[in-house]
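First chain A sits with chain B, and in the next complex the same chain sits with chain C.
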Partner chain A sequence: MLAQVALNGVIVGSIYALVALGFVVVYRSVAMFNFAQTEYYTLGGMLFATLLVVGGVPFLVALVLTVAVGVAVGVLCERLAFRRLLLAQAQPVNLIIASIALAIVLRSIILLAWGPDARRVPSLGDDPIRLAELLITPQQAFIVAATVLAVAAVALFLHRTRLGLALRATASNRMVAGLMGVPLTSVLALSFGLSAGLGALGGILVAPILLAQFSMGQAILVKAFAAAILGGLASIPGVIVGGLVVGLAENVAGAYLSSAYKDVVAFAVLLLVLAARPAGILGGRVDDKV
Partner chain B sequence: MRWAPRLLAVGAVAAAPWLISALGWRPSYLLQLAGLLPILIVAALSETIIAGFGGQVSVGQAGFMAVGAYTTGLLAGSAAWPWVASIGAGVLASIAVAALVGVPALRLRGPYFVMASLAFGGIAYVVATNWIEVTGGPGGLRNLAPPAFERVGLHPDVGVFYMLWIAGFGTVGLVAWFRDTPLGRSLLAVREDELAAAAVGVHVALVKSLSFMMSGAIAGLAGALLPLFVGLVTPDAFSINQSLLILTQVLIGGIDRIRGAIVGTVLLLVVGELLRDFAEFQLLIYGLVMLGVILFFPRGLVGELLARRPARARMAG
Partner chain C sequence: MSIRGLRWGMLVAAVLVLPLTASSQAKRPVVIGVMGDFSGPVAPYSTASLQGAMIAMDEINAVGGIKGSPVQIKQYDDRNDPVEGVTLAKRLGDEVLAVIVASASSPTLSAGPVLDRAGIPFVTTVAANPAVTESGWKFVNRLHLSDRDQVERVVQYATENDRFTKIAILYDTSDYGVGGRDIALKALARRSLTPPVVEGWKQTDADFSSQIVKVKATGAEGVIIWGTVEGAVRIVQQMRSLGLDKVRVYGGGGLVSQKYVDLGGKAVEGTIATWAYVDPAVPRAKDLGDKYEQRFKRKMDVFVAQGYDALHVLAQAVDKAGQSPSDRLKIASAIRATRYQGAVGEVTFDDNGQNVRKIYIARLDGGKFVVVK
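And now, the complex of A and B:
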């Protein structure tokens, strides 16, 4: 029983990690939190549902198309909502408010476009496969595999490419990076696009098991953020651990304590971590090293 | 100090019930709106303290409102306490909760504080919806009778209206007083530069936690006034959207000014009512307005107007 609950925790936790990674990508390039991040996740879920169910588009094509739209929306949002503030070195509090406002706008547009109803999304398969003592459906296996792939790709990109270096340099000091020849505007577009794409992918993966609904992003916001904070914000392995911890904590609590208060557990974990270790479990100091 | 506009405001509120019934156009609706206004202003002022004076954006003020509202509703309802005592207890309860939540909040800045406040608001909402034995669950607490104003010859709606505005004016005065106390000024110093403030002897942690409790108390008061106003307490009044609405109010008017909170609240109430037929677009419009304000008028409407006044007039004002 506990092992099965833990496995479910890992599956949900990998979604949290994926969305949290989107937070981290933006944080590492512009040192801000994009509170609209989880709305790309909603957009991913809704668009994927429509393409698959209404459009009859093949699974993989729908996946690629949805991620592409997510990236495009992310780039557009950066241009419209953030660039003016980022280039003007606006106060952090203004950036926070701008991203909250953007989240409201995106959520409202999604609600207007798709309505309030939850949508069922066909999965890759719901017949559980027996793995030792544990049951896992093909869809759940796909979630974990896709997350691992996406995280590995992002890690390689950030640490093994010149563009990744440019991204990290921009986080350290936007102005100096600009003077050193880092193409600022493309770095901004890239990091916001990448993080939106990760969010959309999270929505695609989760939609078949949790239904797609306009409020799904709001529901995951605190959990993904908790995952990012737990991991110490700057490190990719940290984010994965963070996502898994949050997923495990809420599933174990949901199974053994009370399912109604499952969400409260994630929130409480966040508050406790913030109180005890604001730099995260794995994180040392968040800043500086490029 | 300019007393004329204040006296005018008090006079207008005192005469409002008669003016509204003399006007004869949907009197109960207008009185409702005019009674809602002070509650919204009080809620907005709680954000002014924490986000404007303190520089820490909170998206969990509705959580404190919930604490105030449920405490007051339970005491005035099943415990049959008098309303004023119930409201006082509601405020005290939110101060206690703010002191508790303030422990982690003290150490946090920027996005961490935002998320902590969001988590707190989320917990309050989930508890309000699920702790059915105490909160009544989604149905909430119902049938709370207003104070017996008939005995003093006042219509209950009018009596409640005055109570709400007394609380509203009192809070405006309290916040204005707070800003000019040593505590308030220390808070402004901490907002500008925490390190520098600490260097000149400001006890940063104490200032932050006391201000946080002040903000929680005021949000709790706004919540405590709700059951008096509508006669019931339901969880959906304390969703995340309520917290976002409060933030929008202070942002539009000017986040660090009392006048900003008032102007923003009035504007949002009026616009909200005008857009009532387009309810599904309401949140979208608020979001766009918020974005526009932060991009183009980050000081808010009041701040922007004051900045454009010639320097001499500003000195005199």
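And now, the complex of A and C:
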């Protein structure tokens, strides 16, 4: 039983990690927390469901289209909600409040556009594959694989490309980065677009097993937030560690204690880790050399 | 604006409004509040009842309203928050004549005592917790089943027809789920049975693997799932993913809906649930179903029918008892005395305000619920 519980923890943890990755991308470029992140995830799930089921669009096309719309919405939101605040070096708390406001606006628009009902999304397969004593469905395997790939791709992008360097430089000091010739406005658009695209991808992946509904983003917000913090906000591989810790903690607690303790244990772990390592498990200082 | 300006303004307003109110005295609208969750996890249910009530409103107004007064609906969003339920309940008395409470059990149970003390007649259409009609409130009427009867029937079927002894209970931790759990525990205890697993989940939860792993480890033959359709669908699908496709699923009347079938697909086949619901052979139900699908592009479910019937029941009572807030006590008694042919069949209430209806047991077979008992 323990092995299956652990595997379930890994699957759920991957979802948390993928959503947390979106948080971290924005954090790495502008050192702010974007609470609207999980609404891109909702948007991804809803749009994908509509394209696939109502529009009859093929799976891959629907996936690419949805991510593209997610990116576009992310760029638009950055332009409308954050750019002026960011360029004016606004207080971090103002940015956070702006992102909460944006989250409420996006959620309301999604609710108005799609209504309150949940939607079913066809999956890559719901019949479990048996690996020794363990069960995993093709869709779940797809989630884990896509998360690992997305995290690796983002890590490579940030650390191996000039644009990634520009992103990190911007996080370190927006004004100096601008003076050093980093095109600030494109970097901002890029990081918000990328994080929104990742959010939408998360929604696409989980919609087949968790149903697509306007409230799905709200439901995952705190868990993904915890995963991002646990991993150390500035660390890309950290989100995997953070996601896994949260996913495993709640599954082990749910299975061996009671599901009433699921969240208690997950967040107690968060408090303990932060007490021991205030910067998160893999978190270093944000002002690293770029 | 200065005080003097304000006075002038009020005078002008009074002069403008006076003749209006005088001339339209007889046609002042009868305002009915519809309270429910329109932005949270219960939004699909509350919205369905609201939409049903809107259709009823248009029907009533199309034939001249209540003694010439048009019916008007005012919408109140409790966001499925019991605290918000109390806040709204305190406002409602001043703003509406009577209320349709399309909220889930938690806000209904918090708003109920406030409405009852204030003497505002209310009809509930979504909440299933037994306490709604077992708390001695005089102004309540429930146009929905009570879980007292539903859970008992489900447990009876599982133990007597299926002859299962190992029946797990999964419930959502709202007043709805907890109420259902408590009745199920008692019903099983009366048969000297102890459920191998009793586990809860929050309405916003999406991952149920730890609960399911436990059910699997105990070798349960059946599992009673007491929660929203969305929660139940997620659980049953995840049970299948974890290789539990042989365990029989039991649920409440909320599951008997096209939505459960559409969302759950083949994973939910074989589900057993209580059914007291809309009989398509009832002409009123068929008519409502057609109107509803055309207007809201959604399949009618029982909550639509109950919202629709609730407004008609209220309108009938107001027609008999009067339209002034001072008539509220008479309106409440008129509702209890209701005999009305609605979309859910004949509507009557017992001495506690509980709608009396026959409960069937249905099984999901090939994408359709069929009555098995």
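Criterion: the second predicted complex is superposed on the first by the 265 of 290 C-alpha atoms of A that agree within 3 Å, B and C clash if a C-alpha of one lies under 4 Å from a C-alpha of the other, contacts with A are read in each partner's own complex, and residues count from 1 in each chain.
Heads up, the rule we're going with is that a residue touches a chain if its C-beta (ideal position, glycine included) is under 8 Å from a C-beta of that chain, and two chains touch if they have at least 3 such contacts.
From a predicted model like this one, the values you see are computed outputs, not experimental measurements.
*Asks:* Using the touch definition from the top, say if A:V5 reaches chain B (first), chain C (second), both or neither.
*Replies:* In the superposition, A:V5 touches chain C alone.
*Asks:* Now for A:V239: first (chain B), second (chain C), both, or neither, which partner does it touch?
*Replies:* The answer is neither, since A:V239 touches no partner chain.
*Asks:* Using the touch definition from the top, say if A:I209 reaches chain B (first), chain C (second), both or neither.
*Replies:* Only chain C; A:I209 stays clear of chain B.
*Asks:* Determine, under the contact definition given at the top, whether A:Q218 touches first (chain B), second (chain C), both, or neither.
*Replies:* both
*Asks:* Answer with first, second, both or neither: which of chain B and chain C does A:A90 touch in the superposed model?
*Replies:* Only chain B is touched by A:A90; chain C is not.
*Asks:* Once the shared chain is lined up, is A:D117 touching chain B (first), chain C (second), both, or neither of them?
*Replies:* second
*Asks:* Would you sort A:I109 into first (chain B), second (chain C), both or neither based on which partner it touches?
*Replies:* After superposing on A, A:I109 lies in contact with chain B but is clear of chain C.
*Asks:* Between chain B and chain C, whom does A:G254 touch in the aligned arrangement: first, second, both, or neither?
*Replies:* In the superposed model, A:G254 contacts chain C only, not chain B.
*Asks:* Once the complexes are superposed, what residues of chain A are shared between the chain B interface and the chain C interface?
*Replies:* In chain A, residues 108, 111, 218, 260, 263 are touched by chain B and also by chain C.
*Asks:* Which residues of chain C touch chain A in their complex?
*Replies:* 38-41, 43-44, 47, 173, 199-202, 204-207, 209-211, 213-214, 217, 229-230, 233-234, 237-238, 240-243, 259, 262-265, 267, 298
*Asks:* Using the touch definition from the top, list the residues of chain A that touch chain B in their complex.
*Replies:* 32-33, 35, 81, 84-85, 90, 92-94, 96-98, 100-105, 107-109, 111-112, 218, 221-222, 225-226, 229, 260-261, 263-264, 267-268, 270-272, 274-275, 278
*Asks:* Quick one: which bits of chain B touch chain A in the complex? Just the residue numbers, please.
*Replies:* 51, 55, 57, 59, 101, 103-104, 107-108, 110-112, 114-116, 118-120, 122-123, 126-127, 130, 240, 244, 247, 251, 280-281, 283-284, 286-288, 290-291, 294-295, 298
*Asks:* Which bits of chain A are touching chain C when the two form their complex?
*Replies:* Touch list, chain A to chain C: 1, 4-5, 8, 11-12, 108, 111, 115-120, 126-128, 130, 135, 137, 140, 206, 209-211, 213-216, 218-220, 250-255, 258-260, 262-263.
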